[in-house]
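Below you'll find a set of structures to go through.
Each of the next two complexes has subunit A plus one more chain, namely subunit B in the first and subunit C in the second.
Now for the complex of A and B:
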C-alpha cells in the first residue's frame, strides 16, 4: 500500500485522494436529495427572495475579479499605447493574461499585519471596501430581466452602499498605524463625502423627470430612440455626475487618496498580499460600476440607440427531428470544405492543409457570428447585455483615457471645486429641471 | 481659445487620443533587432573607473581595429605639450609596447614623436608611372618598391597612398599580409641563417622569392 502510494506523482496523489472523497460526497448528496429533496425545495421556494439574493451575490462575487482583470488589462494596454509603448504583450495573446497573472501573484504573496496595527479593523477594511463596491452592482440592470433585485429605491440603495466604502478606506487608513495611511484615509473621507453631495444632487433632477428611483424603470423610460436618453434632457446633470463619479471612484485627476507620488499608496500603504489585492480590485470594480451607473442613468442602459427592426427567424430546432443531429454532424465538415475551396483553388502555392485550416477558422468566425446574430435577434437579454457592456466599457475607456492624460489636482482645488462649483451647479440643475416641469406641466 | 474653461483639458485628451493611434516606438528586442549598420560600435567614449582614473591604457587596440582610421590618440608629453597625433598608423603596435613600458615604470624611447624618415622617392615615382597609379595593382607596386628600396619605407607607403588614392591602412594591411614584404631593411645574415637552419623549407621559399624579386638574396646568402 505504502509502496503504491510512493509511486504516485503529485497530481496522482491529489487525484487518488479526491476521487473517493467525491464519490462518497456525491452518494451522500444523492441520498440527502432523495430523502429530503421535496422538503428542501419547499423551503427554497418559500424563501425565494433570500435564495435569489444569495445566488446574485455569489454570481457578482465570482464575476468581480474577472471584470477587474479586464479593466486592469485595459488600463495597462491603453495607457501604454497612449505613451507610444506597446504595453503588456508577453503573457497570453497580446498580453491579455497579464493582469490575471498579477492577481495570482498577489494571491501568493505574504500577507502581514504591521506591529501596532489595530488587527481587527485592519483585517476587515479591505472586505468592507470590496463588498461596498460589489454590492452596488445588485441594483444595476444589465439587460431586460437581468437584474439581481429591482428595488424601488435602487438608486438610494446604490448611494447608501457606495458611501460605505468611505468607512472601509477610513478603517484602513486609521488601523494601519502609519502616517501616510492616515493621510490617505482622511483625504478619502474628505473627498468622497464632499463629492457624494453633488453626485447625489445631480441625479435628483433626473429623478424628478423619471418619477422613480428604480433603475430598471429609469432604463425602460429611455427608449426606443437614443434621443430619449436622459443625457439630452439633463446635460448639466450628466457632466456633474461624470466628474463626481470620477472623484467617487478615486480616479485621476482626483486620485488623491492613493497619490503614490505624495503619500506612498495612501490608505493601502501597509497592506500586502491579497488584502492589497482586494483594494486594487475594489478600485477597478468601482470604475466599472460607476460607468455602469452612468450608462444606466443617462445613456439608456441596455436600450439600443434605435429600435432594431423586428426579425424573427421562424426556425424551431425541434421540428427538424433526426436531421438536427445529422446537421450538427455534417454542417461543420461541409462548411469547412466549402470555405477551404477558394483558398485552395485560387492560389496554386497554398497547400491543402493550410487551406483546410483557413476554411475551418473562417467557418468558426461565421458560425460564432451567426450564433451571436440569432441570439441578438431572438433573446432580448443578449442584445441588452451587448449594448450595456459596450456603453459601459466605452466609459471605462474614457476613465482610463483621462488617467493617461490629466495630472492630479491639489487637495484645496479638489475641495474648492466640489463646494464652489459642482454643488451650486447641481442645485441650479435641480431648480431648472423643477421649474421646467412646472412650466411645461409634465 | 484659452479663455474657454476646460479647453486645455480637451486639447490634452485629443493629444493622447492621437498618440493612441500613432505607430509605437517600442522594439521587441529579442524577436526584432533594430536595423544598425554592421560596423556600428555604439558611441565612442573614454570611461573612468570608480577612483576617477581614466580606464584607457593607451593600448591602441581600438585605433588598430578601427576600420576607417577615425580613432586617433593624443596626449600630453613630458614637457606639457599636447600632441594630437601620436604617429603613423603602422606605429600603433609600437605604441602598445610603449604603453606597457610606461605602465611598468621603465623609460620609454622617444621615437613616438619622431616622424618617419624622408626617402628619395624618384624611383617610386617611376614605378607608380609604370603601374598608372592604379590601386588595383597594389601588390605589384609594393613588390617593385621593395625591389627598388630593399624594404618598404614609410615615406614610400605614404606617397603610394597619396597618388593611388588607396587608404594607408589598406596598403599597410596588404603589405603586412604578405610575408615577403617588409617594413625594415632585411635582417642580418646570421639571424637569417639561424632561421633557415630551423625552417629549411621556409628559407628555401623565401630565398626563391628574394631571387624572383631581385633583392636581398646576395646579402642573405642562403645555401
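Now for the complex of A and C:
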C-alpha cells in the first residue's frame, strides 16, 4: 500500500485523498438532510432575516476580490494606453487574466515579518483595512431589492465603517518598525481624518433634501427622470464629495500614504505576500465602493436616466408545446450554419471548420444579447444593476484617469485644502440648502 | 552536556540562532570622525533620522541621503557619496590618450557625448591639432541632440518625483528616438565613444539623417504637447514654485553652473562666455530666469531644448563638406604641458584638466563634473522643506551619480 502510494504523482495523491473524503461527506450530508431536513428548514424560515444577511455578506465577500481584479486590470490597461504603452496583453484575451495571476502570485509569495515588528498588530492590520472597505458595501443598493441590508442609518453606517480603515493603516504603520511605514501611517491618519469631515458635511445638504439616511430610499427618490438626480440640486456637494472621496480612497493626487517617490510604499513598505495583497485589494475595493456611493447619492444609483416605455415580453415557454423542443434542437444549428455561411462563402481562404467556429461564437454572442435584452425588459433588477455598474465604472475610470494624469500634492497643501477650502465650501453648501428649503418650503 | 542557549528565529522556528537578533543601533555605527558628523548625528528633541537610499526608488542612482527629520520637516541632511566610485581619473592615467576617452564616457551616462567632448578638446590642445570643420559641425549636431535627450529625461524624472506617472514614459519616447538615431550614427545607444582626438569616428550616414529628418519634422510640436501636461497643471506648478530657491550670489558661491545658475538670472553659458568649437558662428539665445526655484530650473531646461533645436537646424543647413578626422599618428605623444578645456554640458560646465609628461599616457587628468558641484548645494536647499520635496529639489538639480562618484 505504501509503495503504491509513493508511486502516485502529486495530482494522483490529491485525487485519491479528496475523492473518498468527498464521497463520505456527501453521503453524510444526504443522510443529515433526510433526517433533520424538516427541522432545519423550519429554523431557517423562522430566522429568514439572519439567513438573508449571512447569504448577502458571503456573496459580498466572494465578489470583492473579482471586482478588485477588474479594477486593477482596468487601471493597468488604461494607464498604459495613456502612457502610450500596450499594457498587459499576454495572459488571457487582451491580458484580462493578468490581475488574477497577480492575485495568485501574491498568495504564493513569502509572508515575511520583519524583526522588531509587533507581530499581532502587524498581522491584524491588513485584515482591518480589508474588512473596513468590504463592510461598506453592505448598505449599497445595487439594484431594486438587491441590497444586503437596508439600514435606516445606512449612510451613517457607511461613514462609520469607512473610518475604521484609518485604524488599520495606523496599525500597519506603527507595527512595521520602519520609519517609512510610520510616516505613511501618520500621513494616512492625518489625511483621512481631515477629509472625513468635508466628506460627511457635503452630504448633509443632500440628507436634508432626501429626509432619510437609508441609501435605498435616497435612490428611490431620484426618479424617474435624470433631472431628479441630486447632482443637479447639489452640484457643490457633489464636487466636494468627489474630491474628498478621492482622498478617502487614497488615490492620486491624494495618494500620499503610499507615495513611492517619497516614502517608498508608505504603510505597506514591510508587507509582503497576502498581507500586502489585502492592502492592495482594499485600495481597489475602496475605489469601487466610493464610486458606488457617489453614484448612489448623486447620480440616481440604479435608476435609468429616463423612464423606458412599459414593455413586457410574456415568456411562457410551456405554451409552445412541442415547438419548444424543436426550437431548442433546431435554432442553434440553423443559426450557426447561417452565421457561418458568410465567413465560408465570402472569404475563400477560410476552412469550413473555422467558419463553423466563428458562426457558433457569433450565435452565442447574439443569444446572450437576446437573453440580456429580455432580462432587461422583464426584470427590474437586471436593468438596475446594468445602470448601476455602468455609472460606477464610469467613475472608476475617472479615478484611474486622474492617476494617469495628475502629480501628487504635498502634505501641507493637502491639509490646507481640506480645512481652508473644502470645509467652508461644504458648510456654505449646507447653509444654502437649508435656507432654500426654509424659503421654498418642502 | 551543555545547555542549549540558542533561541528559535522569529521567521523560521526550526532555525536556532546563536545570538539574539536585536534591532540595530542608530546610524552611524562608528564614533563620529568630524565635528560636523558629531553635530549631525546628535538628535534634538522630537527629531529622528531616516535613511534614504541607496535603494530608495527615487534617488537618481545610488545616492544615499541621511535625513534628520522633525515630523515631516527636514532639519538637516547628510549626503553619503561613493557607491559608484570607479576611480576614473586614475584609470585614465594608466591608459593612452585614445583609451582615456572611453573611460570618461560613462561618467554622466545620460549625456555621454559631453563627457567625451571635454577631454577630447583638452587632448587636442595638448597635441595642437586643427579639427576639420565638418567634424566640428558633426560634434555640435550630435551633442545638441544628446542635450535634448538629457533634458527630456530630466522632465520625466522630475515629474515622477512629484508623483506624475505619465511624463516619464512620454519623455522616454522622445529620448528613445534620439538615442536610436545616435546609435545609427555612433554604433551605441548609451555610451557612444564617438569623438576622437582630431575629429569624429564616422561620417553622417543615411539612417541617421533620415531618422533625424523625420524627428525634426515633428519634434517641436511633440515636445510642446508633452510640456502642456505639466506646465498647465496647477498641482505641479504649485508644488514647484518657490521651492528650493537659491539666489545668484549663493549660486556663484556654491560654484553652480549651467541651467541651475542661469535659473537665478546670470546668463553664464560656456558656449558664449568661453566659446569653443563652432558655437561663435551659430545663432542661439541663452535663456535665463530670475526666480531661481525648482520651477525656474525646470522651465529653463525646457527652453534650452528649443534653443538646441535651433542649433541643430543651423548645423544641418551650414554643414560643410570635407574630412572628418585630422591626420594624426596612431600613437600620440604630446609635448609636456598642461591643457584645460571646458564645455557646456546639459548640467553645466564640464571641464577637463590634463597634464602631459611626454609619454603616450596622460600624467594626470582632473575631471570637473557639474553634478558633483551641484550636489553640494542640497545642504543649503533642503532644510526647512518637507520630506516630499527633498526628491523634487534633488531632481531639479539634475545630478547623475556616475558623474558625482566618478
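Everything below uses one rule, namely that the second predicted complex is superposed on the first by the 414 of 442 C-alpha atoms of A that agree within 3 Å, B and C clash if a C-alpha of one lies under 4 Å from a C-alpha of the other, contacts with A are read in each partner's own complex, and residues count from 1 in each chain.
By definition in this document, a contact is a pair of C-beta atoms (placed from the backbone, for glycine too) under 8 Å apart; a residue touches a chain by one contact, two chains touch by 3 or more.
Predicted model only: the values in this text are computed from it and were never measured.
For the composite obtained by overlaying on subunit A, subunit B and subunit C cannot both be accommodated without a clash. When both complexes are overlaid on chain A, the residue A:260 reaches subunit C alone and has no touch with subunit B.
In the overlay built on the shared chain, the residue A:180 is in contact with subunit C alone; subunit B does not reach it. Counting residues of subunit A touched by each partner, subunit B versus subunit C, the larger count belongs to C. By the touch criterion stated above, A:401 is placed in contact with subunit B alone, subunit C being left untouched. In the superposition on chain A, A:82 makes contact with both subunit B and subunit C. Once the two complexes are laid over each other on the shared chain, residue contacts for A:342 go to neither subunit B nor subunit C. Contacts of A:332 after superposition: neither subunit B nor subunit C is touched.
Of all the stretches 38-46, 56-64 or 164-172 given for subunit B, the clashing one with respect to subunit C is 38-46.
Shared interface residues of subunit A (contacting subunit B in one complex, subunit C in the other): 82-85, 404-406. Those residues of subunit C that touch subunit A in the shared complex are 10-11, 21-23, 48-50, 56-58, 72, 159-166, 169-170, 173, 229-230, 233, 235-236, 238-239, 386-391.
Subunit A meets subunit B in the complex at residues 78, 81-86, 89, 401-402, 404-406. Considering their complex, residues 9, 12-13, 15-17, 19-20, 22, 24-26, 28 of subunit B touch subunit A.
Only residues 79, 82-85, 112-113, 115-116, 119, 177, 179-180, 183, 187, 252-253, 255-256, 259-264, 403-413 of subunit A touch subunit C when the two sit together in their complex.
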